[in-house]
Each structure stands twice: as C-alpha cells, then as structure tokens.
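Structures given as structure tokens follow.
Each of the next two complexes has chain A plus one more chain, namely chain B in the first and chain C in the second.
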Partner chain A sequence: MRLGPKIISSFMGFIVMFGAVSTAATSIILDRRMQREVETSEVAFARSLATRLFKVVKDKEVPTITDTLLDELALRPEKLEYLLVLDATGHRLAHTFVSPIPERLSSVNGPFDAVGYRVERLRGDSINAVDVSVPVLEGISPIGSVHVGIRGEYLEAIKHDLVRMTLVATGAMGILAFLVALWLTRRIVLPIRQLTEVANRLSAGILDVQLPGLKSKDEIQELEGSLESVLAAVSTLMAELGQQTPIAGVPDVENAHRLGADVVPEGRNG
Partner chain B sequence: MAERLLEYFARAKELGGILAVTKLAMISKISSPRAKGLPDSPENVKVLEDALAQLRRELGK
Partner chain C sequence: MQCFLVAGAWAAMTATLIGCEPSTTVPQNRAPGVSPFEIRIGSSSALTGQANFLGTQLLHGSEAWLNEVNAKGGIRGRKITIVSLDDGYEPARAVTMTQKLLVEEDVLALFDFVGTPTSVKVLPLVNRARVPLLGLLTGAEALRTPLSPWVFHVRDSYYAEAEGAIALFVDRLKLQRIGIIYQQDAFGQAVLSGVQLALARRRLQPTAAESFARGTLEVARACDAMKSAGAEAVVLVGTYAPLAKAVKTSHDAGFTPWFDTVSFVGTEAYARELVDKQRIDKANYARLIVTQVVPSPYAEEFPGVQEYRALVHKYFSEDAPNYVALEGFINAKVLTAILERAGQNLDRDSLVHAAESVQDLDVGIGTPITFGPADHVGLHGVYYSRLHVDGTFRLATPEEISP
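Showing the complex of A and B:
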C-alpha cells in the first residue's frame, strides 16, 4: 500500500473507532444518568403527590384524587405517561388512562423495600414507560400507593438526541480528519515522491537532475540536503575522473587503476 | 564568471586530490561542473570557503 492511502486510512480508522467508542460510552452514561434522574426527581415528585393525596386516599375520594392526577398530568404531558393511585389492597382508586389500563400495570403492586420506592421498567404491546411508585403512608402504615409513569419515548428521545449529536460530531470530525489526512499526505508524500524520482534518476546514472528545492525545514528537507550532497559529490567525482586522460603507452589496466575504476584485467574473465 | 569558486576546488585538489574535491562538493553541496556556471557571488564564495575550512579541519591541514 502506498504512503498516502496508508495515512488517510489510519486517520479514518482512528475516527471510526473513536466514534464507536464515544457513542457506546455516551449511551451507557446516559442510561445511568437517566436512571439516577428518575430515582431522584421523579421519586421526589411521587412522594410529594403521595403526601398531598394522603387524606383523600384515606377517605377514598375518587373524584378529588382523579382531578389532582389529571391536573398534574396536564402540567407535564410530554414526560408523564400516566398517574395511578392504588389502595392498600392494590385496587385502583384513580388513574389518568382514557383507554383500558394496560395489563402489565397489574403486576406493579407490591410491598416496598427499605428505600421506600420502586422503579420498574414496563415495556409491552400497549405500554412503554418507567413506573415510579411510592407508598401513601399513614404514620408507618401504607394505605395505598402512587404510581408515576414516565414515558419511555421521552427518555429514549433524550438518549437518541444525544447519541445522534455524538454521531454527527463524529461525522464532522471524520470529514475534518479526512481533510487533515489529505493535507498531511500532500505535505509528506508529495516531497517524498519528488525525492524518490530524483533518487531513481540518480540510480539510473542520470546526474543531470533538478532537486525540488523544499522549504519544509524538517526531516524531508534534511533528506533533500543529503541527496544534494551525494549528487554534488558524484557529479564532481565524475567530472574529475573525466579529466583524467589515459597516459599513452601505459597499459589499460594501470590507467584504470589511476582513474579508480574497478576493472578486471582481460584474460582473467572466465 | 566562477573563477573564484573554481579556485576552491583547485585548492581542495592540492590538499587531498580527487577525494578532497569530492568531499568539498559534498560539504558545500555544489559540484565542480555546477560551480562553473555559478556567479562569484558573496553567498556562493562563503559557502565554498566554509566548506573548505571544514575540509581542512577534517584532513588536519
């Protein structure tokens, strides 16, 4: 493979790997951050709702509970999928569903552990949400539970937006890297190619060559300087040897040695 | 013309023959055939003078 394609493919390979790693890292980090976000802000919201609904849950004032739930849902329709309140036995007291309640929600009722809340991912044919539930407490006794359903699409949209942004940024970096690689290739490969042509002509015995005259002030210019030294030395040597004329009457072998040529005397060949 | 420049090559030849001339060309990066076509400019003279000085040091003369 030639040097130019090598440089470009190395750059592009690095960018593709960087993009893949950063996209995967963004996805993992976002999953964790969103889980934390749900556990902090939405649990706090559910607890606040449970505190406000305590009296009406205790008295089972379903219309009041429903009104409160609908008001809350109207405040954040893009984020909340549903609000649901169950009594101590797990029966539904009130909810915000206009269509039949998804079957999957019947399994979200259960005892709360020491942390006092539950976060459960619900994914099914008719529902895609994260259910955050907290107990409605009277003292330390649960008299019901409040369930806040956060839209799965909302969380996924945030994640997709950021992953898309990462991919766009990676794509932009890829284009930039390609341009940088092209520029580098021109800066490195072109002078090397010119010097290679000069060296090839020298090795073919052609001393009438023109060096490119690089001004790069780097190793390539040093290489050109060395080539220039060799060219000057060889040209001078050839000129000096050309001035040495064979001495009449002296055998050819001696003349050859005088001129520094590596000649095998006749008769010794084969 | 390049008389002054060629003088340096002649002096190098006196110092060490063809090898010294070749070495002078290598150090100065100016070949003797090329020197014939170059003007005796102060820059060219200085290059060959410095090169000859270095050659003298290397040859110990």
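Showing the complex of A and C:
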C-alpha cells in the first residue's frame, strides 16, 4: 500500500475507535449522571410534595390529593409519567392515571433505605418509568408514601440527545482528521515523490535534473540536500572526467572506476 | 480503499446510533367500555348537594331515552349502561370521579357532566385520556375555545345566552343600566365575560358587577350594590337557591329591576325556590327571565319533546317535565345516533369520527344538530322563558316581553 492511503486510513481508524469509545463512555457516564439527577431533583420534589400533602394524606382527603397531584403533573407532563400516593398499608389513596393502572406498580411500596427514599426502575408491557418514592412522615412514623414516576422515554431521550451530540462531534472530528490527513499526505508524500523522481533520473545517468527546492527544515529537506550534494559531486566528477586524457593501456571502464563514477551500462548513457 | 471502508463503518455506526429512538410502550388493549353485549358510558354529576336537581334530572332525561333504546335491543345488539357517580358539583370530586370512571369503571366515553367549575377541572384529564365527552350541562367558553378534539357540546354557549339576555334588555327593552351578580368561580366568570362582551358590542359596560361565594346565600351586599348603582336589569349567575334569595332580598328593599339568569340555574327548581320558598310578589313575576338552550318541555309542536314527556312518564313517573331533563333526553338521542354511526368496531376514535360526521340530525325539536371537525357545538339558538302567573317559567318571544 502506498504511503498516502496508509496515513489516511490510520487517521480514520483512530477516529472511529475514538468515536466508539467516547460514545460508549458518554453513555455510561450519562446513565450514572441521570441516576444522580433522579436522586437529587426528584427526591427533593417528592419530599416537598410529601410535606405539602401531609395533612390531606393523614385525613385521607382523596379529592384534594388527586387535585394536587394532577396540577403538579400538568406542570411537567413531558417529564412525569405519574404521581401516586399510598397510605401506610400500601393502599392507593390517589394517583394521576387516566387508564387502568399498570400491574407492575402494585409492588412499588417497598421499605425505604437509610437515606429515606427508594429509586426503582419499572419496565413492563404498559409502563417504562423510574419510580422515586419518599415516605410521608408524622414525626418518624410513616403514614404513607409519595411516588414520582419519571418517564423512561424522557430519560432515554436526554441520553440519546447527548449521545447524538457526541456522535456529531466525533463525525466533525473525523472530517477534520480526514482533511488533516490529506494535508499531511501532500506535505510528506509529494516531496518524497519528487525526490524519488530525481533519484530515479540520477540513477539513469541523467544529470540534467532540477531539485524541487524544498523550504521545509526537516528530514525531507535534508534528503534533498544530500541529493543535491550527490548531484554536485557527480557533476564535478563528470566534468573532471571529461577534461582528463585516458590513461594509456587502461580500458575506459577501469578509468571510470578510478574516478569513483557509477558504473553505467553501455547503451544507457545518455 | 481501506479508508473508505473505515469511513463507511463509522457512518454506519453513526446512522445506527442516531437512528435509535427512545422506546415507547403503547399498550394495545381492547376498546375500553365495549363488549359484545354492552357499551359502558360514564357520568359524573351533582347527584347530591345544592345542584342535585341538575344532576339527577339530566340523568333521568338521558336514561328515559336510553332505557327505551335498550328495551328495543340496544345499539347493534349492545345495551348501553350509564355508570353515574356523584361529584356534588365540587371540582376536586369531579376529577376523582372522572378518574374512577376511566381507571376502574372501564367506560368508552363520558357523558352528561354538570357545571362549569367541575367540567373545566376535568377537561385536562379528558384530553390526556383521549376519551370522548358528550353533553355537558354548561355553556362555558373555556370548554369550547380552544376546541378540544374530544369534547362535544349539544347545547349553545353562555356567550350566546348572555348575548340573548343583553339583546333583550338593550335592543328590545331599551335599557342602558345593566348590572351583574355572579358566583365566584369559573361559571360566574364565564357568564360575566359573555355579558361584558355583549355590552361592549353595544358600547356599554356593566353598571355594577358583584360576586358571591359559591355554595353560600351571601348575596345581600351584591343586591345593595345593584340598587345603589341604579341598575335597570340585573343578570344573575349561580345556582337556584342564592339567585332566588337575591331576587327576594332586592324586592324586600324595594328594588325591582328585570332579572335574568342563564339556563344552568335549573329553571323549575328556581321557580319553586322563588314561588314556594321566597314567596316573591306575583306582581313582579313578569320581570323574571331565564334564557334557555332547549325548547320548552311542555311544547306540543315538537315530536321530540312529546316523546320526551312520554318516556319520562314511563320510566320516571314521579318527575315533572323540565328543561334540564329535556336537555338530558336530547343529549342521549345524540349519543345513540353517534353510537349507531360509529358502527360495529366501536372505540374512542371511531366515536369521535362518527360525532364529527353528524349533519342535520333531527331529534324532533325543530332545530337540527350538526357537528364537524371544527365545530363541536350541535345546537345554536337561545330561547326566552318568563315566570308566568302560575309559578312556572314559560317560553316567550322577545315581542311578548314588554316593559
């Protein structure tokens, strides 16, 4: 394979690998961040709701609880799947559903851990949500619980948006990398190709060659300098050779060896 | 070549990941409330409390027709069951009852809801559940604009009733000083807005506007304000008990303007309250008006009204004919016509499509009913009724109503 495609494919391979790794990493990081988001904002929301509903939960004023829950749901319909309030025995007091309640929700009334809340992923035929629940407390005694159901679609949409942005950024990086690779290819391969051409002509015994005259201060420019020295030396020798008379009794080929010139096969000297 | 393969792989990965949409879970159940032998329809209304007359009579009127339809085999072999719950005209309870109908009672559609504050509160639930709601005993604009694809009104609006009242007072009776006493809730605000708009069209403003708390009889202050403002006519907005009290309080103070209220009052209950309980002076009967959105339940010229009286007598023999029950009867006739049109594969969407296809439906009241995708109000037109010397409100033409 030629040098140009090698450079470009190496760059692109790196970018694809980088994109895949960064997308996977982003996905994992976002999953964790969203978990933290759930634990901070939604637990705080559930707690504020539990505080506000304390009296009506204690008195089991179902219409008032329902009314409050529906008003809250209406404020964030794209984020919240449902709001649910259970009494101390796990019996449903009020909720925001407008169709039969998914069976999966009947088991969300588990004990609260040391931090005083529960987060549970609910997936089923008719539900895809993260249930965040906090107790409604009277002193230290729970008299019920408030459940905030965050739409699974909402969480996934955020994740997809961010992954999409990462992919777009990676794509942009890929295009940039492709252009850089092209530029590098031109910068490295083109002078080498020119010098190779010069070397080929020299090897063919053609001394009337023009070096590209590279401006860069790098190894390729050094290579050009070396070629230039070789060309100058050969040109000088050839000139000297042209001024000397042949040594008597020594064949031309032997003279040439003495002068340090390249052995040029017959018929190729032009 | 290799670089193109790599780029292609990257593009494919990107396309795959970008193409991934969040998963959605849409339960595909059978149509709610429909079985081979039954269609379940839910109703939440005031069956107890201050507005119980409205809820019970609306349902009786509907059930009179639905019982007859069921007795004749139902709709395409399915009997219609009305699941009725009591919200006591309390908005929060109306929400809970509606939710119960949708979640626990497995109903196809909602029907015969009573009141503005209750219905306004229920509307977001209806839209979210995408459940058809037909036949509301309210003319509130908030339930009509913006148009909900799921809500169908048989009756005309409070704006139309307010326009009718102001047209009578200003255009016909040449009165200029119009006051309004309204209940402090969405119902009161709805009619107040209608009155203000109708007056503004005539370059007028309410002479005075006073409110009272819903569920109370505290109207004395508002009556004093009307008298002080020198109102020639007063639009009253509320339920029958406080409105009758307002009329009595005003009369006792020597203040006898024209009084008008909208159909929601429950005309017969209002008449009983005025005549039997408040015992207002018969000399002032003729200045008490109620705008109506259906013909008189005693009308002889309409076959639909005759049919209503016959069926109410058959199924609810203790009930006297009344405007609210007639409205319920008309609602039920519209419901069965829509169910018939919706066909055998009945569900909520087909019900809405069927309702929107109703054109010039004749229910025997002289005015055809028409809905459309952009028009969910079936009946247009307002009637006037005036308290007659026999203590009942009877229909009257504007020409019959004179100073």
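In this section, the second predicted complex is superposed on the first by the 246 of 270 C-alpha atoms of A that agree within 3 Å, B and C clash if a C-alpha of one lies under 4 Å from a C-alpha of the other, contacts with A are read in each partner's own complex, and residues count from 1 in each chain.
Please note the rule applied: a contact is a pair of C-beta atoms (placed from the backbone, for glycine too) under 8 Å apart; a residue touches a chain by one contact, two chains touch by 3 or more.
Bear in mind the structure is a predicted one, so any value in this text is a computation, not a measurement.
**Student:** Between chain B (first) and chain C (second), which, if any, makes contact with A:Ala233: first, second, both or neither?
**Tutor:** Only chain B; A:Ala233 stays clear of chain C.
**Student:** If you stack the two complexes on chain A, which partner ends up touching A:Gly110: first (chain B), second (chain C), both, or neither?
**Tutor:** In the superposition, A:Gly110 touches no partner, neither chain B nor chain C.
**Student:** Return first, second, both or neither, reflecting whether A:Leu241 touches chain B, chain C, both chains, or no partner chain.
**Tutor:** first
**Student:** Going by the contact rule set out at the top, does A:Gly90 touch chain B (first), chain C (second), both, or neither?
**Tutor:** neither
**Student:** A:Thr23 contacts which: chain B (first), chain C (second), both, neither?
**Tutor:** Touch status of A:Thr23: second partner only.
**Student:** With both structures fitted on chain A, tell me whether chain B or chain C touches more of chain A's residues.
**Tutor:** Greater contact footprint in residues on chain A: C.
**Student:** Shared contact residues on chain A, chain B side and chain C side combined as an intersection?
**Tutor:** Correct list for chain A: none, the interfaces share no residue.
**Student:** Spell out the part of chain C that touches chain A in their complex, as residue ranges.
**Tutor:** 1-3, 6-7, 9-10, 13-14, 17-18, 20-25, 27, 29, 32, 90-93, 95-96, 99, 102-104, 106, 121, 124-125, 128-129, 131
**Student:** Please name which positions on chain A make contact with chain B in the complex.
**Tutor:** 225, 228-237, 239-241, 260
**Student:** Which part of chain A faces chain C closely enough to touch in the complex?
**Tutor:** 1, 5, 8-9, 12-13, 15-16, 19-20, 23, 62-64, 66-67, 70, 74, 77, 94-95, 97-101, 124-128, 152-153, 156-157, 160, 163-164, 167, 170-171, 174, 178
**Student:** In the complex of these two chains, what residues of chain B are touching chain A?
**Tutor:** 9, 13, 18, 21-34
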